[in-house]
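See structure below.
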Amino acid sequence: MGNVGAKEIPQLLSADGRRIDGRRLDELRSITMKVGPLTRADGSAFVEWGENKVMAAVYGPREVHPRHLMQTSKAIIQCRYNMAAFSVDERKRPGQDRRSQEISKVITEAFESVVFTEEFPKTSIDVYIEVLQANAGTRCAGLVAASLALADAGIPMADLVSAVAVGKVAGRIALDLKKEEDNFGEADLPMALVPQSGRLVLIQMEGHMNRDELRQALDLGTKGCREIYERMREALRAKYDTPGRAEPAGVPA
Amino acid sequence: MSEVVSAEIQTTHIIDLARAGRRLDGRGIDDWRPVSVTPGYVKSADGSALVHVGDTTVLCGVKLEIGKPFPDTPNAGVLTTNAELIALSSPTFEPGPPQPEAIELSRVVDRSIRAAETIDLTKLCVTPSEKCWTCYVDIHCLDHAGNLIDAAQLAALGALTHATVPAQRFGVAEHDYPLDVSHFPVECTFVRLGDRIVADPTFEEETAGQGRLTVATDELGNVVAMQKGKIGAFSPDEVVETVERAFRHGDRLRNVVRGT
Amino acid sequence: MGNVGAKEIPQLLSADGRRIDGRRLDELRSITMKVGPLTRADGSAFVEWGENKVMAAVYGPREVHPRHLMQTSKAIIQCRYNMAAFSVDERKRPGQDRRSQEISKVITEAFESVVFTEEFPKTSIDVYIEVLQANAGTRCAGLVAASLALADAGIPMADLVSAVAVGKVAGRIALDLKKEEDNFGEADLPMALVPQSGRLVLIQMEGHMNRDELRQALDLGTKGCREIYERMREALRAKYDTPGRAEPAGVPA
Amino acid sequence: MSEVVSAEIQTTHIIDLARAGRRLDGRGIDDWRPVSVTPGYVKSADGSALVHVGDTTVLCGVKLEIGKPFPDTPNAGVLTTNAELIALSSPTFEPGPPQPEAIELSRVVDRSIRAAETIDLTKLCVTPSEKCWTCYVDIHCLDHAGNLIDAAQLAALGALTHATVPAQRFGVAEHDYPLDVSHFPVECTFVRLGDRIVADPTFEEETAGQGRLTVATDELGNVVAMQKGKIGAFSPDEVVETVERAFRHGDRLRNVVRGT
Amino acid sequence: MSEVVSAEIQTTHIIDLARAGRRLDGRGIDDWRPVSVTPGYVKSADGSALVHVGDTTVLCGVKLEIGKPFPDTPNAGVLTTNAELIALSSPTFEPGPPQPEAIELSRVVDRSIRAAETIDLTKLCVTPSEKCWTCYVDIHCLDHAGNLIDAAQLAALGALTHATVPAQRFGVAEHDYPLDVSHFPVECTFVRLGDRIVADPTFEEETAGQGRLTVATDELGNVVAMQKGKIGAFSPDEVVETVERAFRHGDRLRNVVRGT
Amino acid sequence: MGNVGAKEIPQLLSADGRRIDGRRLDELRSITMKVGPLTRADGSAFVEWGENKVMAAVYGPREVHPRHLMQTSKAIIQCRYNMAAFSVDERKRPGQDRRSQEISKVITEAFESVVFTEEFPKTSIDVYIEVLQANAGTRCAGLVAASLALADAGIPMADLVSAVAVGKVAGRIALDLKKEEDNFGEADLPMALVPQSGRLVLIQMEGHMNRDELRQALDLGTKGCREIYERMREALRAKYDTPGRAEPAGVPA
């Protein structure tokens, strides 16, 4: 989308329905997740998803800063999604741009929909997401990493939030777009699912989809999110199955 | 009674009403407030529209200037959308740099305009790699009585639809000519109140809402943009139903903007 | 003033003493005023004055933000004059520039000279002026709109403040300059009058005037302000003459 | 005794004195404090002046650089005035971006210089539309004992009057030459204390004042700029009288700057 | 027990241990924590290195772009070092513009790289006065367990040492080629604890420290940069002794970076 | 240092060991110091050192602003080093750049090492250094001026802090570099000494020095600082020897 005047469009789908990297339309990129890699944070997680590398850390519940944001009846969640200057092809100037701020907002709202914030009035739960290497789908990768970091920090939640992007590539609905597909495809729909309720806490979309395609995209995305969710649970178990180490609170076993 | 407590009572009341299919201002669940679009309101702009959606009032001005294409799109003009949630329009806004809410508004409106290919940007190119039109879409919210997104998007579409390219003033052509608008995306916003999803929320309904969903459709039957906002969640089925409603309302609002 | 190197100066005054738009030297542009057009503000007014369109809104007395500006013995007034990006020929970048900040300051001081701020200690009265379309004289139009909005909000004042600019055009003192006169004239003198006391609470001036011209300008401006004042009172009556609607406090009947 | 209360007592005392035609430092209502102008104080500047008005101390440095004319004034150079109310100069100033008081100071000084056509900007044009001198007038307040506006404006005028155009250094001419100053505007500031209007106010008098009026006059008998500041009001007659006083003081101060 | 009090107790304990030549984590006064350097960690960068010094983790990415030489160095490329102390890496950091600590870190790392002439900047010139390589060294701290300066500087040196000039991508040469690194400065940091000066301080030791001293040495036996930080003082003799220790550790760390 | 691509390097040392301005290697530039030139500040000093002109002022102990910086057990010191736009050859944009912020930080830490901050808990001691004319060594000149201003303000200190820069010029260690020596020399080492303890509270260095040169530089700098220290004491005595005027507290007699 949005590649006005770009010169060369690669062939995104082969005759036998394989994508540019050989995946089927409903296939995820490879993913590895690590819970708790950081020592200073209260909770942390690292996710390598295709060619994305994303680190997330959680601090809190802790004192609210700046103070005027404090809420007397619940904790506030402050997510900050940030891209390292070297994470993209053309160097990104350090600091928050408008895109980062919007993504921070929708991710914050996704977590506010599942975290039991009323248990920690007058505090802040700070969630930091750092994209170290980017290749499409960073907000979903960031959300997954942050979800694991929240669990690692023992923040009580209704459920782990899972996320994936669905898109439209060469006229077909496809799961988990990579950079070329995102750049030259016809639509992108990132979504975040609360698996136990089956409800979406993040939905964005840009491009062109008709009614049927949209329905199809939502179904494929839901399926993808559930796959990711299983991996997330495995990653948490991998950390906490060490004997003598307590299970973190708030994450369904 | 504290403000927090009274807000909670109002929230409960609004949700109770919605359960019964009713709303504070007497509308039905799927009713829109009266919409008006006044193009050409600001003479200093190359295009403008004043939009009322009920008491919500938004003014959009379009200005075109000669600039330089971006290096990666040498054959295209530039489109920039900016929304200011000025403190004049609501007791909840403060002067200063744009807050996340204003940034989201700008980006959501921009996304619908851009994704629908409302303006064919290649037509804004004057000399490839050197000279092009930069089209600024500036949205100024004047009275925030709820559903700013839809009012702002209508104002932007209205201002573009009736805009003139100042080609003579910039010495690029002998005469000014109307800006060519290719598509007519319209955004429709809904909020969840309990298990009902109401259209065109008021400020109070947005405050009470448990999730907001905006769907932009074009005149060809495509969804071109979506955005879920605020705390809350929607099932995929609810999304699909809401999209249908957005198509229906979108067609009607498109006609208001185009004056047909 | 200040048009170094500009190419063409239009003829600003005809042989029979008429100005570029046909007005006499002591004649105002057409004005319409509407009190209370906005629903969210505590008070508001819209003024269309020549080709200026200006909206003003008042909030307060309310909590001071940022808090360290709070004064224990009186309300503070915070005026913010702002121009919409599309209000002028060449697009203005959004945000406060130095000119806007200076105008905000002198308008704030004008109102602080008439509002009974000591009645509302520890609060803020916030006055927002938005110029939607500009054609010379926007600070005066903004001041008039803000004055009406303060009255509409029921803020107690010694008097309504009225304002107009006087200038020097083709060697003659003229009332209420429009854009071409302001750009190519020899002086501009915006002023704000408290009609009942006959005193000026805003005076600025730039250009060239000798002693006599200055005296003449102050007289003509005072007369213009009194004319504007009558229109302001009419506009307030138009809103509040609806039976059953209470008269706003603080404005002389 | 709280600071607020003691400030109120001082205000009352200052106004009582003024009523009797007297002032805290022994001056009469229309007396100026001693004024000195030291040109060439800073060697790294192309022009500079250190100004004392009583204890108030302001340093101004002028720098000229080769730049580009503004598109709408292709035959003119650029003049930029900037005043910094650095925290060193007063317990009431804070580090950080310029506050409204600093912005007003910059603009009021700039306005007098510009309106009086102090510098003929067309003489700062080197090649039309391409190359011109940009003249930076930077005002640095060092000790704020009242009436910064007049001290800053004198410093700016003094720095310009004795400035050199570094034409050789920038390869624009074979020799440096003196900057050509065409007019000599001088600003004079007054504050109302009760029904008296006193000249050249101290910091305490400005705090106690009920309105401030600044009048800039040139050497030809013109008023070129005015600015009313602070809470308070002036009748048209008072303005006219104050203008007469500004002419009188202005002529004297002009001579101090010009060293005649 | 308040945080302040418990911090004071820890400080006393750390200093007592140091007096006995011991440290909280069992190291000796002059021992470094384990150091690892992983070059090429980030594919989107032209050079990168992930560095661990104990639990302290820093990632550095180098990007090269075609830019314009500075007017006063027409025959040289541009090197820019920037360190972000992102809030993710420590409970003591906050989001927002860089604080003095981040600025000092950037500048101290930059100074060692620049003073040692690590990169011969004239080799980054493509066309004098017109085109050159701009080399951005961006340092991203991920886990701040003490001694960020040394970890950041090692990451920067590691990223530069293994960087590629993307000459083909920018159409400047037919093939990409390795960035030429001429010298290998390494910074070593020490803090005073009582009368002992310990190497490679942890976060707790930095907090307890009474002065910090950083010494950058190169492979030829030169000191190329120093920086004293934090409250505290060093005698000239102590400086000289610390420099000797920095030479010794520097040689070892240089080998880790160069992979030899 | 750092003059890549510069065209012409002046001869910095003559055959008979004289420097570009005729000084010997261990000779300071001429210095004058004035204590208390400002009326509004609690303490102030002006230093003219070679072609540097630097003013310093001290305010406090006073209320901390912004409040969240307040420390309950001691005063905080906030130094702000700033260069006037016209103080250097090429006009400097007003405002703090990264260099100024770093210098402000190291100067703050130098003073925190000698001021008895625990005597004034919950307050701030604000130190402002303004460089009016710059010619190498401004941070040392600023530190000396600030030291005098602290003494003038009566702030109790263990000792006056003295400062000087040492450098390497044409292969030789030299005291107190001027601009050409700094630009074309091989190393620069600014340092600040607490004379009574013989310890350094500011050390920075950039360039190339071997072990012996560094030792030599520290010795020469220490000697230079002691010379400056004597001048500082004289300047304070010059102000306070006026009969009836009290000696400021905290400065050793």
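In order of appearance the chains are A, B, C, D, E and F, and numbering begins at 1 in each one.
The rule is simple: a residue touches a chain if its C-beta (ideal position, glycine included) is under 8 Å from a C-beta of that chain, and two chains touch if they have at least 3 such contacts.
Remember, predicted model here, so these are calculated numbers, not experimental data.
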How many hops, at fewest, get you from chain E to chain F via touching chains? 1
Could you work out which chain's C-alpha centre is the most distant one from the centre of chain C? E
Most remote chain w.r.t. Chain B, using mean C-alpha positions, is F
Could you see whether B-C or C-D has the larger number of C-beta contact pairs? C-D
Cα centre of chain A to Cα centre of chain B, whole Å, reads 27
Averaging C-alpha coordinates per chain, one finds the centres of chain A and chain E separated by a number of Å equal to 32
Averaged-CA centre spacing for the pair chain C and chain A, given as whole angstrom: 51
Once the touching pairs are worked out, the chains link into a ring; list them from chain D, going toward chain F first. D, F, E, A, B, C
Given the complex with chain F, which residues does chain D contribute to the contact? 42-45, 48, 55, 57, 59, 61-63, 65, 82, 84, 86-91, 94-95, 97, 136, 138, 140, 142-145, 203
Can you list the residues on chain E that touch chain F in the complex? 4, 69, 72-76, 100-101, 103-104, 106-107, 111, 114-115, 121-122, 125, 211, 213, 218, 221-236, 239-240, 243-244, 247
In the complex with chain E, residue positions of chain A that touch it: 37-41, 51, 53, 55-57, 59, 62, 65, 80, 82, 84-91, 94-96, 126, 128-130, 132-135
Contact footprint of chain E on chain F as seen in their complex: 1-6, 72-73, 98-99, 101-102, 104-106, 109, 112-113, 189, 194, 197-211, 214-215, 218-219, 222
